[in-house]
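Each of the two complexes below includes chain A, the first together with chain B, the second together with chain C.
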Partner chain A sequence: MGKKVLTVDDDPDVRLFTTTVLEEHGYTPVEAGNGEEGLQMITSENPDLVILDVLMPRQSGIRLYRELKTSKAFAGVKIIILSGIAKKTFLRSQQALTEFGESPVPEPDFYLEKPVDADVLAETIRKAIG
Partner chain B sequence: MTRILLIDDEPDLLRVLARSLKADGHEVATALNGPEGLSAFAGQRPAIVITDIRMPGMSGIEVLKRIKEREPDAEVIIITGHGDMDNAVEALHFGASDFITKPFRGETLAIAIRRAEEKIDLRRRLKEYTLDLEGKIEKATRELRRRSNFLTKLIRSSNDGVVATDEELRIVVFNPGAERIFGFLQDDVVHSRYLSDLLPKDLVESFQRAMSAERAFKELPWREATIVSKSGERIPVMFSGSILVEGSNKLGSVAFFQDLREIKRLQRELVRSERLAAIGQTVAGLAHGIKNILHGLKGGSYLVDVGINKNDSQRLRKGWDMIKRNIQRTSNLVLDLLSYSKEREPEIQECSPNEIAAEVCDLMRERVQQEQIELIREFDASIGKAFMDPQTIHTALLNLVSNALDACLFDENTAKRWQVRVRTIAEPGNVIRFEVSDNGAGMSDEVKNKLFTSFFSTKGHRGTGLGLLVTRKLIEEHGGCIEVQSKLGEGTTFSMQLPCRVQGLAT
Partner chain C sequence: MKIKKLMFVTKFENLGYDAIQSLLSLRKASLEHIVFMNVIERDRVAMQRGVGYKKEEAVRLKEAANIRFIDWAERLFEQGMEVGVYIQVGSLAAEVAKAVRKEEADLVVIGRSHKSAMEQFYSGSTVTELIRRVSAPVLVYKPIPESPFAMGKPFERPLLATDWSPASLRAIDYLINLKALIQDIRLVHVADQKDIEGSSAMQAQKTRKDTKSRLEDLCARFQAEGIAARAHVYVGNPASEIDKAARECQATIVVMGTSAKMGWVERFMGSTPQEIAEKSLFPTLLIPPAMQ
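Up next is the complex of A and B:
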């Protein structure tokens, strides 16, 4: 069985896309439609990698990201952010949150902007977990 | 004390009198006859002169006359003899202040002198007082002039037009601000024209009523009006006036005018730039929406490729569906954007609002069945045909009902029995109210405030962000308005009111 990868995105088309790419490249895909569901799946499925969208309703994507990056339990999980917003914008929003008293979080390991090529995604996944 | 001149031809009397006066502390000069006396007067300038009336050579009367010529303020006391009453009277006529009759006691003279001194003192004080008064008047006049100048400058400098009239409404003040607004020159108007030459009839009537009103109602509060200038231009102004009274007297009236042309121009600019700003924001949000769609197309074509290469018809199907879905999304986005940016006049025609509402509900039938939401229709039977734009009603209702269904789906409380209620209500004043309410997710105040103002969607990938903006624009173009009430976790109600030129509405 290949390594397990969880996709968290509210757009079912995106989930379909990443699931297909993962299957084609020998990984085991699981999916969640929002941040809360994603957190549940991480606890129950123990994935090696999370592909995360940060622009979801009720900011559940960003919250999940912060959760993963600040909690020790999930320190081993790699994260690829796959988002419609530019990396610069995302980093700036994190900076703003830090200024408002939230604890600072490290930059994401991998950041891909939509729309993304299947090859690029596959390559990034390989770099993340091999 | 005082300087006194004694003139008498009797040397003994002179000596005695002089001694007595000196004893009283006066400065005394003496002369034995008229001419000597006059010369002594010129030299010494005494305040009081005491002269005998009967003297050889120049008479006392003559001395009196000469002294009075020279110094009208000199006090001259005449010494008369018994039977000299006529002379005494004559002396008084020529300005003598007093006369004493020989023989007299020392006291008599002292009293006469004291009276003379009092007169001198009184005269001096009067002079001082008069001078002082003149000084005060001059000062007060200067102050008045200064204040008057200040007030005049105040009125002249005001950017607002200031027009004041007398009690017959004839113009007495017309400042440069008024010149600019009305186009008349001050000289052409003051004292020659009346308020009725300047203002439209309804404003003049307001003034006339206020002028003749017995009590209160002396103020005409600020309101917008339109005046016609000398050149015939219609100018929007902000106007206010009042009647000037003093006690029960009517002094006149005053009116203030603010030229609103500039403000109105700026308001139009503001509306235009707000819309441009919204479009600018829209462009940013739009780029985001398009990126998502592109991603969907790319993803779809990837799946199709895999499907073809691996002969996997399921993948092929899924990929193709994804592409079709995203083509539809593109189409929706473009249509929304066009609707939002175009200025559109509503196309008023005879239609049936209840029928349109029913149509929209029918369109939703499949979805509500699938998602198990109850769609309730409450249409006001008194609404028949109306003159409105059916497109506006349809698009707006479709957006609101679709949002209501989404609100139920987004609701985390899955135990709820979701309901969406669509109501039409006839209201007085030819207005129809459409209400769409749901008992779904509800909105926080933060979300509610952003609702109509920016490219904002809580629906993640599914919203174009423009739905409500377009809806509001359509409603406003139709002359209506829309408002929202919502409670987080409990539900939302959107309520829009549209005017209708109505036919067949039971009132």
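Up next is the complex of A and C:
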């Protein structure tokens, strides 16, 4: 069993793409279709890495990222943001939420804008969890 | 009845980012989450003889909608808003109702229906369909150039048209929750022409006075919350009189309760909320009755 990687994305095509890349490189993929489901899966599956979309139904990746980064329980989980939303927007939104009185969160270690090449994704996963 | 989550349903024809901007005033009344929705009508990509299901067309339409929504979402995310997106192929009212239940949205915003009279006769108007299927209030948004008084603050001067139904009385509580946005409110009741026909001038005046006194009792509820309120009585056809009252009061939005129970009757006879929603230039907020 390879390291476990959770993809949180509402687009089934993207989940199929990441799952294929993960399997080809020996990882164990698991999937969730929105932020809420993602949080449940992180709790139940305890993945080594989360590949997280931003714009999703129910709960966005911006909120889920914030929850993961402000909770000690998820401190060890690595995150790659994979989204059509620009990185600068992601950072500004986190800054805006901090200005509204929420706790500050660190910048994501890895941010990929869609569409992403399979090799680039595989290399980023390798950098994140080996 | 706070508005924390709003579902914004658009076909991009007449409901764009300018509408979202004017709705952002709802942040003063707890709005924190906007969910965008685009429904690609099944007919546009349906199975056709010799062509089959037009999958490529469906993908193209979905991607076009997604590009638009990403642009809007980026602007809202940067303001600290929470944003979600649904792009579905299917029937508009059914898909919106499904998403509203899933998201537990507090308000649905849609544009005016573009169905022809014949389509409305057979399938009902989208507004009527939607009201029948969802428990959340529905705002039929009209673009600002159409609505002369909206000026980007749709909740500033609402006109509440009441027929004393439970839904129209429920609208009072709904509006009180929006008090941070309301400058002043007008309450209107349209008396039936029959109520004053054949009666003496004295009797007609008594009807007017009784109605106004009833409206003033409702005004007192708004005044107790610090909202300026004023009562008006009109007589005649409800839809045209409500529209007239909205113009005379320079209202920014018309608010009405709706029964939404007699869909087939509305299809034959029409209903006042439907008529205002479809024909008036004013944005129209339709409040359904409380769920049993």
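Everything that follows uses one rule, which is that the second predicted complex is superposed on the first by the 128 of 130 C-alpha atoms of A that agree within 3 Å, B and C clash if a C-alpha of one lies under 4 Å from a C-alpha of the other, contacts with A are read in each partner's own complex, and residues count from 1 in each chain.
Methods note: a contact is a pair of C-beta atoms (placed from the backbone, for glycine too) under 8 Å apart; a residue touches a chain by one contact, two chains touch by 3 or more.
Computed from a prediction, not measured in an experiment: that's the story for all the values here.
Annotation for the three-chain superposition on chain A: chain B and chain C clash. In the superposition on chain A, A:Met56 makes contact with both chain B and chain C. When the two structures are aligned on the shared chain, A:Pro106 is found in touch with neither chain B nor chain C.
In the superposed pair of complexes, A:Thr89 makes contact with chain C only, with no contact to chain B. Legend: residue contacts after superposition of the two complexes on their common chain; A:Gly130 is shown touching neither chain B nor chain C. Using the contact criterion defined above for the overlaid structures, shared-chain residue A:Asp117 touches chain B, although it does not reach chain C. In the superposition on chain A, contact of A:Gly26 is made with neither chain B nor chain C. Contacts of A:Leu97 after superposition on the shared chain: chain C is touched, whereas chain B is not.
By the touch criterion defined above, A:Leu16 reaches chain B but does not reach chain C. Residues 10, 55-58, 84-85 of chain A lie at the contact with chain B in one complex and at the contact with chain C in the other.
Taken in their complex, chain A has these residues touching chain C: 10, 54-60, 62-63, 84-86, 89-90, 92-93, 96-97, 99-100. If you check the complex, the residues on chain A that touch chain B are 10-11, 13-14, 16-17, 20-21, 24, 55-58, 84-85, 113-118.
In the complex of the two chains, the chain B residues touching chain A come out as 288, 291-292, 294-300, 302-303, 306, 315, 318, 322, 325-326, 410, 458-461. Chain C meets chain A in the complex at residues 35, 66, 69-70, 73-74, 77-80, 82-86, 99, 102-103.
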